[in-house]
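So, here come the structures, one by one.
One chain, chain A, links the two complexes that follow: it is found with chain B in the first and with chain C in the second.
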Partner chain A sequence: MAHDSLLEIKNLMTHFHLHEGIVRAVDGVSFDVRRGQTLGIIGESGCGKSVTVHSILRLVPSPPGNIVDGQILLHQGENGMGAGAIDLAQLDPRGAQIRAIRGAEISMVFQEPMTSFGPMHTIGNQIIETILLHQEGVESSDARALAIDNLRRVGIPRAEQIVDAYPHQLSGGMRQRAMIAMALSCTPRLLIADEPTTALDVTIQAQILELLMALQEEVGMAVIFITHNLGVIAEVADEVAVMYLGRIVEQASVNELFDNPQHPYTQGLLNSIPHIDEEKLPRLRAIEGVVPDPYEIPSGCAFSDRCPSFMPGTCDRAMPALDETVSGHRVRCFLYSDVEEGLVEVENGG
Partner chain B sequence: MADDNELLLEVNDLRMYFPIHKGLLRRTTGYVKAVDGVSLSIKKGETLGLVGESGCGKTTTGRCIVRVYQPTGGEIVFHEEGEIVDINRLTRQELKAFRRNMQMIFQDPFSSLNPRMTVLELVGEPLLAHGIARGQELEDRVAEMVRAVGLRVEHLPRYPHSFSGGQRQRIGIARALVQRPKLVVCDEPVSALDVSVQSQVVNLLQDLQSDLDLTYLFVAHDMSVVRQVSNRIAVMYVGKLVEVAESEELLRNPKHPYSETLLSAVPRPNPHHHMQRLNLEGEPADPANAPPGCVFHPRCRYMEDICQTEVPTLIELTPGHHVACHFADQLALQGIDYSRSHQA
Partner chain C sequence: MLTQYIGRRLLLLIPLVLIISVISFVLIQLPPGDILNMEVLRLRSAGTQVSEEEVEALRQLYGLDKSLPEQYWLWITNILFKGNFGTSFTYVKSVSEILAARVPLTAAVSVLTAIFVWVTAVPIGVYSATHQYSLVDYFWTFVSFIGVATPGFLLALIFLWLAFVWFDISAIGLFSQQYETAPWSWAKLVNMLQHIWVPIVIIGMANTAGMMRTMRGMMLDELNKQYVITARSKGLTETRLLVKYPVRTSMNPVFSTIGWMLPGIISGEVLVSMVLNIPTTGPVLLQALLNQDMFLAGSIVFILSVLTVVGTLISDILLVWLDPRIRYESVA
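After this line comes the complex of A and B, so read on.
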């Protein structure tokens, strides 16, 4: 199963211990990221998609956040056969080991490049710093040339001049390109893109998506792409995980998920958005209700209070397990499987 | 909806220039031409969608119309029961009284509501300010409005922080509509909301429009949402309108190269949809230093010599379809093809 997987997340739980109580931001998430592939994670605000990827890079502020359970295995060898896998969940978030991984093996592109670049240093200096930090034997004079090459590769015109520009001097689209150039400067094996196009205009978004896909092909890296936009996910992802309140509720290949959505939440999301290339509907089919407060998650299935297929006595009694219904298609819903969360290990073992 | 073709609003040659100040003496060194000669009309009961990318001047246009900004030039003519009012010429006093006819719904429900006011105070404030109602009558009207937007009367004594983004947007809508305006400028009313809540608010806005006989100017960047709510769509680029048409006509049959690109850039929630995207090189022009000729020419795939020197005017190509492009009648542009998506 994991022969070509680069990153394996097993039962990750990241909780925040706050005055008001415990927020289970990520509550038992498992997935694989395969080499060279793109995993899309989709969900609304508060579903835990960002906390999941911040956990991978150990960027969750602690306190209050803590990885309370689970493994984040980064496989080392080219064929990834178990040997030499590092469990990122066990590393010291301030230690040398995770710092050597951040930016070199796994790097990240954030939603708002203005806040992720330091405002006091030029774009070039920040890229050069990354290169000098992670690539041994590179002289600072060569690093500047490398930085310019990287800027050119992401389609920045006049790269020799832009390298000396400060972040505020660039437009949003150019800043995001520079961010990508920095993220790719050390040829990472995994790129995490957290809503990288949400702050951009549609025509610029289209440019950045195409750039990311072209670079992925060129570098051969794996990508975890987080977004709330179903259109963007359909375009970039090979595999899609849908998250709701800290859990994956459905996961399948991109074609399977859009052709045959099974979870009522996924179906609701797909039905609720206006589709520009279909006949216009008189009204949108909205999902009822709102995402519940993290302290008032309904018992049983977390989506049960908004679900149009709610089954009293079943859905409010236990949490369904994420079970495989069709090959490669996993759904967390009692409409398709009786298996409850917590029993799945036993069932598989027996 | 808009079967009687009665006009509610006419905007003629609207201009809004923001001065750029430089140096110690704050001398004006130039102007950001945020809105540069926009003319449009809105019929009673219809929704006109105004789309464009950030910085194109769509929000400024909306704000000029309700006169949050004092426009640099142009006319904003409001037809009110036989009377004709040029909003741009009203004095402060007249404007204050006139404001009840036009209201605005804002993008960010987190920053547009005063956190120290309860729902009752927030929604009741416009009634008090205009001397429309007070006391028990005010409370009754607020309660009625709050129910109409899908909140409950129990919510009235609460403060904005205890509501979710979608509920806050409902409060903002109630506040805008409580004095029964005729025209509502909706400035990106759903773009800050979660996907599952967006559709609820879009449906609510459509329901309220028919219940309360509202006319909307719907300003947004998301073509799919704009198409869902609008009878007609106006496309804006760097301070100018480039195309105006009935919404289905604009989608199927765009006549301006920029509209064509915008439509092609909309990400489709369909993994089988692999159209060749028309890639737009570069970035929108700087409205402080707009290129000569057609503002879109540096990015246009069909650019010819004339586009670099002569500004195209917005002409009516076919009835109701206005385009500002020198080659509008010659280009065969690619619109949305409904038939293709159904094969998938």
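After this line comes the complex of A and C, so read on.
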């Protein structure tokens, strides 16, 4: 594995055991997050993006959710090899070890700026709480000053006053800035941003993205950035993973993925962006069909029921493996490789 | 801002109290006939001669010959300006004298019951919500259904019977015999506290059961909210984050339930106090209503209603003070 890996996820499986059956929300996901870099995750609603990142911080509610297999290695030292790694998947989700990592080493920014802060306490109270929790030897008066500094850093005007504001007194954009301030208050090594701009309008969205990228440069942290929006991914990500039904179907560097999309699903996603510069009228080409019900995933390739390149006898027989086709470019599709996924998929077919 | 709000609410209290007084007065006048008719009937059936003139004299004495509005006016002005609630026909005593000891007791039982309800229902509701579908959750769900469905007086009877059968004690009353007529003293207060938990638990049962369900439901809603996950993602311990965030948010509707809890407690108190023979206003109210002892009944209804309104006001102010969202939006 690359020497500069910060987080290595290997064959992660997070399943929900419900009355109706098992939802395999994350079903064998592997990826690396490198120090200081941004991994973008895209995919349609319900493909398991949030569950994947919630699994990292062990925030998946249990019951019904369980990490049934896989490793989530958080590397400690700079060289990132072996000994200094903690497997987050093995930790007690309520234990002291994961709590020391949450908010300090890995922190998270969520989609809903409306509800991300508790409504009954001031913004400052909630940021100070994080600081006092993780930074030893900081007095509460210092913590307040730190909170104000953090608010100022994310571009909040009149930070000395906003620190005493309640969440509902701020606009969505301001709240999301405050959220970022809170997430960065303990200088994490990894920031997970789960659709941080989806709920904001376009101009605010652009400002927040710019802010995130500037802060990333300043702090030198790694980022996992989840979004539906390919334009956003193109702007922020170094590496991109495309997810479909709990699995990564394609992964490559951002340039490679946009120049040379291989998986029919990725191609479909890219085609669904309106091209204004085209001579014809701009047109949105959505992918045919809908995401299948989690209990009725097609046998063989999970995308087979919507795939325009579907090959009968091949695609419905087995699940293609995520295989490297070009250096650093992995694709899960029989058009490029005939390697099949391991035995796990056989039971999936039934 | 908050003081303005309190001031406005206090001003609103004045018309509200007047309306309550009218309603209390009208309600006790509603049944046909009056106390005199009943008294005369009783005397005559006992063989006593009562002349029409004597009846008329009594009628004038109590002001019953006047029109209803006049009667009301006399009644309310006496209360407001002289603190005189009139005279009870049946007790032949001033209403103030009868109620002097009983109203504070009713208030004490009600407030303590409300506290009991909170202290038990909130933690159980929180536990049930955070352990949804666990055995403990099912147990309390079962208990709460029973609690809601069982009338308080029945519980009181069962309790009396059990106390008698198992411990050979009589759980009746609020004081041990030696204190019943004694003047108030430290020892009497302690003695009362030793007895008062019985009616409190029994009256509180139904409310606790209801409140438990409310708290559980509120918590279940709050637990799924983003801010709880945010708090968890910061590294807080589960207990700390629960208490600081979702419990705190869920408490608000619970605070606001004081308003409807108090009347419930007070009316529940009537029957339970009858059964347990507790010297609160309840038993007197029932008796007064049966006897059409209008000044007594009217005064009790009036006083209890005013107390309820004041209790609700206090809970509203508490709510505004505790919830920043209300503080800055509706009040501003």
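Methods note: the second predicted complex is superposed on the first by the 333 of 350 C-alpha atoms of A that agree within 3 Å, B and C clash if a C-alpha of one lies under 4 Å from a C-alpha of the other, contacts with A are read in each partner's own complex, and residues count from 1 in each chain.
Heads up, the rule we're going with is that a contact is a pair of C-beta atoms (placed from the backbone, for glycine too) under 8 Å apart; a residue touches a chain by one contact, two chains touch by 3 or more.
Everything numeric in this text was worked out from a predicted model, so none of it was measured.
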Quiz item: Sharing chain A, do chain B and chain C clash or fit in the superposition?
Solution: fit
Practice problem: In the overlay, answer first, second, both or neither for which of chain B and chain C A:20 touches. | Solution: neither
Quiz item: Where does A:45 make contact in the superposed view: on chain B (first), on chain C (second), on both, or on neither?
Solution: first
Practice problem: Have a look and say if chain B or chain C is in touch with more residues of chain A. | Solution: B
Quiz prompt | Which superposed partner A:272 touches (first chain B, second chain C, both, neither) | solution = first
Exercise. Tell me which partner A:101 touches in the superposition: chain B (first), chain C (second), both or neither.
Key: second
Exercise. Using the superposition on chain A described above, determine whether A:204 touches chain B (first), chain C (second), both, or neither.
Key: first
Quiz item: First (chain B), second (chain C), both or neither: which does A:296 touch?
Solution: neither
Practice problem: Using only C-alpha atoms, work out how near chain B sits to chain C after the chain A superposition, in angstrom. | Solution: 7
Quiz item: Which residues would you name on chain A as touching chain B in one complex and chain C in the other?
Solution: none
Exercise. Provide the residue numbers of chain B that touch chain A in the complex, in ascending order.
Key: 53-54, 164, 166-167, 194-200, 202-203, 206, 221-225, 227-228, 248, 251, 261-273, 277, 279-280, 283-284, 336-338, 340-342
Quiz item: Can you list the chain A residues touching chain B in their complex?
Solution: 44-45, 171-174, 201-207, 209-210, 228-235, 254-255, 258, 268-270, 272-281, 283-287, 290-291
Quiz item: In their shared complex, at which residues does chain A touch chain C?
Solution: 57, 59, 94, 99-104, 107-108, 110, 112, 115-122, 129-130, 133-134, 166, 168-169, 179, 182
Quiz prompt | Residue ranges of chain C touching chain A (in the complex, touch as defined) | solution = 225-227, 229-238, 244-245, 248-249, 322-325, 328-329
